[in-house]
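Dropping the structures in below, format is structure tokens.
Below, chain A partners chain B and then partners chain C, in two separate complexes.
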Partner chain A sequence: MTVFGWGVFKGMMVTLKNFLTSYYRKPDEGGIFTVQYPEEREKKIENFRNFPFLVYDETPGKIRCVACGICERECPTKCIHIEMELDATGKPARKPAVFDIDYGLCMNCGMCEEVCPFDSIFMDHVFEITAPERQTGLVRHKDALLKANEYFQKIRPTLASVIDQKRKAAEEKKKAAAAPQPVPPPSTGGPTQGAV
Partner chain B sequence: MDLKNTENASTLEINFGPQHPSTHGVFRMIVQLEGEKVCGLKPIFGYLHRNHEQIAENLPYAAIMPYTDRLDYVNALTNNFGYALTVEKLAGLEVPERAEFIRVIMAELARIVNHIAVIGFMLNDLGAFFTPLLYAFRERERILDLFETITGSRLMCNFFRFGGVKRDLTKENLATIQQIVDKFPAFLKEFEALLSQNEILCMRCQNVGILSAADATNAGITGPVLRASGVNYDIRKVDHYSIYDRFDFKIPLGEKGDVYDRYYVRILEIRESLKILDQALARIPQGEIINKKAIPFLKMPRNFKPPVGEAYGRVEAPKGELGYYIVSDGTPQPWRYHVRAPSLINLTALEAMCLGQKVADAVIILGSIDIVLGETDR
Partner chain C sequence: MIPPMLRGIEFNVDMIFVTAKAWILSLLAQFLPAWLLVLASIVISGVVILCLGPVIMMYLTLLERKLLGRIQNRYGPNRVGKWGLLQPIADGIKMFTKEDIVPANADKIVHLLAPIVIVVPALMVFLVVPFGERMTAVNLNIGLLFFIAVSSITILPIFMGSWASRNKYSLLGGMRTAAQMISYEIPMTLAVVPAIMMSQSLSTNTIVLSQVGDYDLHWYIFTPWGIVGFIVFFLCATAECNRPPFDLPEAESELVAGFHTEYSGMKFALFYMAEYMNAFTLCAIAATLFLGGWQGPFLPSWLWFFGKTFLLICVMIWFRGTFPRFRVDHLMGFAWKFLLPLTLLNILLTALWQFTSNLAAWFWSILILGISLWTLVKLNRTFVPEKRHYPMGN
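Here is the complex of A and B:
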């Protein structure tokens, strides 16, 4: 048995060592690894998922979403609301007229991203979101959700380039087939219309 | 239990909580004191009740997965593991080899995260204010960053899928895990130098909150709390679920079943987890990460309809036996879904541990059980 108090002394030496080494060691070797948040930021991790957003190709009019409603149906918290746009004759235009996501309800699970057959909904990296009130303040409408493909390329380059390649290949295949189809049918055979 | 009549002037009734810093969430204890001694204790919970089971019974099987993250929010991956295992049992899905390895690696990392966090918080309750906790969190942060790189989220991972996992581990991920595993023993050594022999810690923890092996087994306690009482029961060894029978690891046991044993068993369990990780990283094969039969259900979760029947699957969560009981009626939603939460059942022994102890010790005893209210109240 050692001297009473030796354990405490040894513990104190550990804290002293940590205090001193924190000044000169690298962050991942025991140095200070925290950052001064609003001024400094940690590098964002590509796979990080927060809230969903919608991708459009060149102009906001060329939205990838066809309002099929699969994400609306599969969302565990039911935070998505979609309404199909109708053209002059009353036929569905395969475009969302209304696309609302309640960020207050969303639990960032990434289910919508996984089930989407048209590669149109993805999880964003924006996390600094506030609202003055709880009921409707966090509801995001279509125009706030729409973001360019370039933005998607910027935040998640690996996934975005894979999807771009896939879409390009599909486009070329479609051209080669030369079938006069305006929009490719949904690949999964699921219902094409969720909420009208 | 019924609290004794408080008209007796020598006893004092104190409410701990619901907003007490040591109660790890919203949990309330009504403690009856005779001087400094605890002579009665009544735990009251349910403040964090979120209707988990009822919500799950109205959702397709795949959509329940993110909800299971929120049960024990300190280590979501183990909750995913238990749920995936049960549904696979129900549907008769097999898991490819590589996916099994990825599952074990992730579950063991989650166990390390949980154990160092709980040791840190327990010492916080003890009065070692934030120094050990932040040392522990420094290491935890590395693992959480890894979780974020792989699964997309630090805590709410939502990573397991029926018949496999969501994303493959890249070579860089495996290298990072290996680096974490290699560096961890040095941290543990430092952590132990800081704590294990510390006289103040020993005096506060040894012979406090003793739970005998008989009491523990009678109350259905599982996990490190049971093993600290000296009962050799670990579902990884008993059930050999997933591929745990292929790894060489030991089950650390305590002797007395006091708070110190519960602390030390957790430290030893981290070492065993590191051993498992080392072996898994060396042997992980190439191949599929999800069963081919399960791939269509990723895009159309509502088409997943397990046959009529029932299944109970359990895993050794860091807190104890985490079980899921699912009854299927052949529809996309489970007909009955029940969670056997280790925190809730371990909490039943709280009074037995606290009786006769000092009121200041009640707080550490609660800390040493390691409860998470998300799981207790569901």
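Here is the complex of A and C:
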């Protein structure tokens, strides 16, 4: 037999317990799970992704991007704009002269990262981005987008080391393939004068 | 040098407010005629109450948000000032600077008057609240009657506001308010009767004084009729100030916001203010009637009084954090079919108690209460009709 008002009493005990435990329990034990954002932060997840950035190897001059324009074409929001750099003779230099990303348009889908065959564009962890004006304020140019490989290693170590190994293996294979041949094919590497 | 008016008044922490008032009056006595001094005494009490009401309301909102937050496993407001202590002031500034929107077809005069009128009774009932020993603003000999009469005016401005808004949700909220508050007025008044019977007085001060006893345990809540009266009074008080689970007049999930749907800015804030001040005064009167008012050992009387009152307010907030809203028919049924018979029985029980105050009285009271509670619960059992069969239907 249930006593009249027992359910009311039990309900009140549940809320009382919640009230009391909110003072001493940890978030995963049923305490307060609010993160007081500017003062405390959640632990960053490695695969968290935000806006894209460009990776360079040792110096900002040695940029991995060859301005092929695949990401520009694949981008669903068309927020990437690339212009190929031309050398003195007017030939494409396989380097971007202009590389703009409008963070105001970007929807953080990560397709640019997926389609890039040169492992040069990746998603960043920076999400605190503000601008006083929305039309041009969120456009990032090449200088702002370029970040060192060490930075990439720091924020996403698993993926970065896999990519580094892949690149090193490819380089050694290329070297081994190039060694017996007297003249290296002009299609790889930087601009060569004698080609074509 | 001790001013002449302070002579005879013992200076201690308990009397600090009384002494302060006497000191101000003795200061004024030097350059004011005697008849103006009476007026000054009224003005001082009035100013204190007019400041106390809104300040209490502001910090009750903060307390409520903090406690509710903790109940729901989150921090309450904690950004403005230390522990969010300046949050009510920020809210006040926000309310003052908001646009005041009046519906095109509203009854503009009544729409304006309703929030003003609602604050007046909420402030007036502060007059008879005994905040501490010798700290009742007006020691009316019909204090409790005054309290019940004035606090029941609150129905009228709510209905004015809901009618003047010309909005169907508002009107529905107003209708519910009228039905609910008139219904709960009756068990509330009847729950008070035992306390009046035992103290033989309607003055709030005398009721507190009649609860003095050895070790201060003569509070009315420590008797069987007292605890029933207290529980009924407290439930009715929760319903009277439209707080959850009795918040049908402003049920946001059914009626948008009920009677204050069409109110914005400071007018809305006045409705809110009245609601919280009513909650405070009802808790204060509950503490006065059944919890021994300002009685208590060691600490100053006013501290005891505010402690008891805030304890009751915390229970109200606890209710809000726990219970879902009543259904309209359950609400009315609870008042008329459960609380009303219980209070009537409680009055009889008090009479019995008054004539046989010993162990036998305890026994008989508990027996009668138990039987009557059981009967009332059985009578109020929800009737679930059997599902009807249609033999020829197939």
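Following the convention adopted for this analysis, the second predicted complex is superposed on the first by the 167 of 196 C-alpha atoms of A that agree within 3 Å, B and C clash if a C-alpha of one lies under 4 Å from a C-alpha of the other, contacts with A are read in each partner's own complex, and residues count from 1 in each chain.
Note that a residue touches a chain if its C-beta (ideal position, glycine included) is under 8 Å from a C-beta of that chain, and two chains touch if they have at least 3 such contacts.
If you're wondering where the values come from, they're calculated on a predicted model, not measured in any experiment.
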Partner contacting more residues of chain A (chain B vs chain C): B
Contacts of A:33 with chain B and chain C, given as first, second, both or neither: both
Chain B versus chain C as contact partner of A:148, first or second or both or neither: neither
Touching partner for A:105 - first (chain B), second (chain C), both, neither: neither
Partner chain in contact with A:139 - chain B first, chain C second, else both or neither: neither
Contacts of A:18 with chain B and chain C, given as first, second, both or neither: both
On chain A, the residue positions that both chain B and chain C contact, one per complex: 4, 8, 11, 14-15, 18, 30, 33
Touching residues (chain side chain C, partner chain A) in the complex: 67, 70-75, 318-319, 321-323, 373-374, 377
Residue ranges of chain A in contact with chain B within the complex: 4-8, 10-11, 13-15, 18, 28, 30, 33, 45-49, 73-76, 107-111, 114-115, 117, 123, 188, 190
Complex interface listing, chain A residues touching chain C: 4, 8, 11-12, 14-16, 18-19, 22-23, 30-34, 36
Complex contact set, residues of chain B against chain A: 59-60, 62-67, 69-70, 131, 135, 138, 141-142, 145, 148-153, 156, 158, 167, 190, 193-202, 298-302
